[in-house]
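Note that the chains are named A, B, C and D in the order they appear, and that numbering of residues resets to 1 at the start of each chain.
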Amino acid sequence: MNYQKIIEEISAEVLSSEDNGKVACYIPALSKVNPHKYGINLVEITGENFSFGDFDEKFSIQSIAKVFSLLMAYSIEGESLWKRVDVEPSGDPFNSLVQLEYENGIPRNPFINAGALVICDVLFQHLNNPKEDFLAFVRKISNNQNLFYNKEIALSEKEHGYRNAAMINLMKAFGNINNNIDEVLDFYFNLCSIEMSTKELSNTFLIFANGGKLVNSNEEIISGSKTKRVNAVMQTCGFYDEAGEFTFKVGLPGKSGVGGGIVAVYPGKYSVAVWSPKLNKKGNSVKGMKTLELLTTKTKMSIF
Amino acid sequence: MNYQKIIEEISAEVLSSEDNGKVACYIPALSKVNPHKYGINLVEITGENFSFGDFDEKFSIQSIAKVFSLLMAYSIEGESLWKRVDVEPSGDPFNSLVQLEYENGIPRNPFINAGALVICDVLFQHLNNPKEDFLAFVRKISNNQNLFYNKEIALSEKEHGYRNAAMINLMKAFGNINNNIDEVLDFYFNLCSIEMSTKELSNTFLIFANGGKLVNSNEEIISGSKTKRVNAVMQTCGFYDEAGEFTFKVGLPGKSGVGGGIVAVYPGKYSVAVWSPKLNKKGNSVKGMKTLELLTTKTKMSIF
Amino acid sequence: MNYQKIIEEISAEVLSSEDNGKVACYIPALSKVNPHKYGINLVEITGENFSFGDFDEKFSIQSIAKVFSLLMAYSIEGESLWKRVDVEPSGDPFNSLVQLEYENGIPRNPFINAGALVICDVLFQHLNNPKEDFLAFVRKISNNQNLFYNKEIALSEKEHGYRNAAMINLMKAFGNINNNIDEVLDFYFNLCSIEMSTKELSNTFLIFANGGKLVNSNEEIISGSKTKRVNAVMQTCGFYDEAGEFTFKVGLPGKSGVGGGIVAVYPGKYSVAVWSPKLNKKGNSVKGMKTLELLTTKTKMSIF
Amino acid sequence: MNYQKIIEEISAEVLSSEDNGKVACYIPALSKVNPHKYGINLVEITGENFSFGDFDEKFSIQSIAKVFSLLMAYSIEGESLWKRVDVEPSGDPFNSLVQLEYENGIPRNPFINAGALVICDVLFQHLNNPKEDFLAFVRKISNNQNLFYNKEIALSEKEHGYRNAAMINLMKAFGNINNNIDEVLDFYFNLCSIEMSTKELSNTFLIFANGGKLVNSNEEIISGSKTKRVNAVMQTCGFYDEAGEFTFKVGLPGKSGVGGGIVAVYPGKYSVAVWSPKLNKKGNSVKGMKTLELLTTKTKMSIF
């Protein structure tokens, strides 16, 4: 498959199409990004990279980091993790607090904010220095020491994080948070502030295309069976209230972030990341969604 | 892969395990089934069948029929179908009516009852004799004239179908039902009353493993691209409020029914149906779920 | 108290104030009313009437009729009535269906549509000719044979009544409707189509200011204790999602209808009806609310 | 009216009746109370007291204190107060968070926790020393220096107050909280910890029966018109999700607390407080409700 040619064709088509999306503006630090940025990087399981545009520029990966925290917590805690967070897609965000109420403080999945907060609480119990240890973990699986939290973003999130504070308090009321609320929130806001380029992101996600093993060292981080499960959760829960739409149009497990990044995985074949900051109403990158839809359409390859 | 051996091993394990499930009893006609029935049939895309137990006995496929009505409506109506029904997983059934309210009468997906009713309304507009034409369609794609509605089941559903009547009236209030409510409901209740064996079911679903073509004649019913989309909708929406769990544990697109049947598809490889009437609280066959989980675990093959 | 002078002062003030309300338009038959109609009639318990404007013109009383159906059902059924309908205010209409779900088909109160439908179902069981018998009852308590259903309004309601059909079907699913759904709905739509003038309405409601006795004959229709309870239900539930606002600003038990009528009662003193077709967003007459607020402000008399 | 005789008769009847209620146990400090305590005090507007049982023993007034904070905030802020909190009854507590979401952070009324927190936030802006100033205000209107916060209760509430923290954070996300969350919560928890006897409580509430004036000094704290409005809010919102039931059975404005206290007011006539710690499922004192129902039944006097 000539991925380089396909990527260039797709990028040309996407860049010339209309985009009514809007850059995330709920925190000032995110709203400053250049809305016209566009980058894509596909890496085959063999390690070969195909790139276009701003593929090498770092951006705020935001919710995509929740896949890393899930990976780390799952590798430490094993299947008992699922006593504290479910694997079902959530409905409309409108219902997020009432769902927590109705389901006794057990979040629907690890990718909605409530679920990611529980994952942070789990990690907080196991790690000596949560922020340092988590960053070390991400650096290890990405084989890249050049990764950092963006302190400005983390602080900005904290200052506007009252809705997350509402959720973690509600879960604490149900006994599903064990550590100090402020510390867990701080850990969570930092975690979401990590910055990566599409090239770094797609290469890091190759672990999910490779059965849980790092491609460079062949070290197994989690088992093949667990990897399939993480991919399954990405498939059903990776795109907020648009997971069905993404599965329907793209047909690959993936995860998006409000920074405009989307990463997807073809098990056994490749990982691909795309970045374009303008978001649709559901909070997913307009051009990112379009790019990946065209990718699986043109290659005629999806897991379905 | 020695599917026969695997199926027999799995069946032995499943049949010896505990099962706290309960046979569906919301209508008398369904509650009369022998709760200890168990059958499985896997058919490869080559047409080779592997069977165990009551694989040849017909049962009420119930909601599984919604995949056939979706297939028929999608093949007739094309992508405009999705203006009237979405492809997102639904949350808890508790919220089904409020979701319809909040989303202006557009059901979340074609497999929840509200969505299946809209699909029936779509078919009703296109078909001269909806019940006859639909049955003819199912007989054609299954290459099997020996398929029938169960009139007793259909009548029993109708007599207890007030919740479905509530939903279709609410959608009519929003302008998303175009035909006579009583006639659409009657069509819907008949549709869900079709009876098939696991052998018949798995062979009929082979079309979804075969890119939309009938395996015997190679006739294309829907395009490969549309087939992938139907599979995607099964993946995210096929198991009521347990779609995430099924994706997580089994990792194949599929559909369940309250008659105790489950059918799943491995695109390009096989289709498998299992039947055991006792259901868990979410309305899915306990032994059916367990059987398919063991199948993808033992074969180490899932789409993820 | 010089009620005539007060009424004229209030009317002048209200008629010169701005009114951004809109005439009910969900059925064509209601939308044809002249939006500038305005009438008020206050009748003391002694029988003396004070009037202004279109006080003698009949209009569609709509939901106000629910007080008559409650009165009749309560007088027949007694306290066991409250097993099938509660006396709590409802929240937002947005939640009406989910509240029914959550509370197992028991409507929150007899004045929301779901509750009024249950009341109709109760009457249907007791009456030989529901429509005729109910009309006879209203004529009796109003001492007025010149009262009729408006068949055009009733038919128009029926043709647009899918939301009510949704609710009654949901309640039937919970076992809280005993009679034929179509017949109960027909009864309900007729009941809401009764037409009365503000003079007729206020005189009929005098029974609630008079401890349950007809003022002309002194016949007791319901006991004083039950009358207080009906007044209490009007106070907490009589104005859709604006019952608190009406209690806060007016401080009298009352009931409104989407025809633009409002009637209120001062126990032991008077009954007052006002009519102005333009409604606020909550479905209550803008001028009607304002008129009654001024009435209790100027007279410095409310039950609080 | 021989109130002393009536009170003794009612008490005898209530004390001999069954009571399946349960003492509030969500915080340890509250659960230690003797469940068999029972006291009642009725005070006429003339100042004459009628008492029975443990009428002179202090207990935790809990939510009843929200009437005092409303009174103080309303007297300072005037009608602009209602921009930040509504006067509508709330539905089921299950919906409390979703109602806040749906209504953009504006609580339904000042007596649900969310509304009381907003009232605290309002007071916090106006008072130099919120806790001291508020206590001074309550002492003044009760003409009683012997009133105190219970620090143990306040601390215990704080340690279990995650649900309140969830709500205040959600409101802050909507911009309806202006002060520091932890400080407002601390103020709120203290406020609810005030202890009073039924005699003290009923005498303090006499202001609401007396048009907003202190009975001993005739000093006007709020106007007669505002007093009617506070009474109206008590009527529609004073009993959690049982306001309709209380209005229906008792027919007086009032307020309850989870400490087992209930206070009610007959404008122009009397104020009455009753205390019995065992609560029904809605959080209201079983014996307290029964007592007041019998009071208005036996005296044949209610506002309706």
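The rule is short, and it goes like this: a contact is a pair of C-beta atoms (placed from the backbone, for glycine too) under 8 Å apart; a residue touches a chain by one contact, two chains touch by 3 or more.
Since the model is a prediction, treat every value here as computed from it, not as a measurement.
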{"item": "Distance from the mean Cα position of subunit D to that of subunit A, given in whole angstrom", "value": "48"}
{"item": "Distance from the mean Cα position of subunit C to that of subunit A, given in whole angstrom", "value": "55"}
{"item": "Mean-CA-position distance for subunit D and subunit C (Å)", "value": "31"}
{"item": "Residues of subunit A engaged with two or more neighbouring chains", "value": "94-95, 102"}
{"item": "Arrangement of touching chains [line / ring / star / complete / other]", "value": "ring"}
{"item": "Pairs of chains found to touch, sorted by chain label", "value": "A-B, A-D, B-C, C-D"}
{"item": "Touch list for subunit A against partner subunit D, complex", "value": "94-95, 97-98, 101-102, 162-163, 165-167, 169-170, 172-173"}
{"item": "Touching residues (chain side subunit C, partner subunit D) in the complex", "value": "86-92, 94-95, 99, 102-103, 108-109, 224-225, 227-229, 231-233, 235-237, 241-245, 247-249, 251, 253, 267, 297, 300, 302-304"}
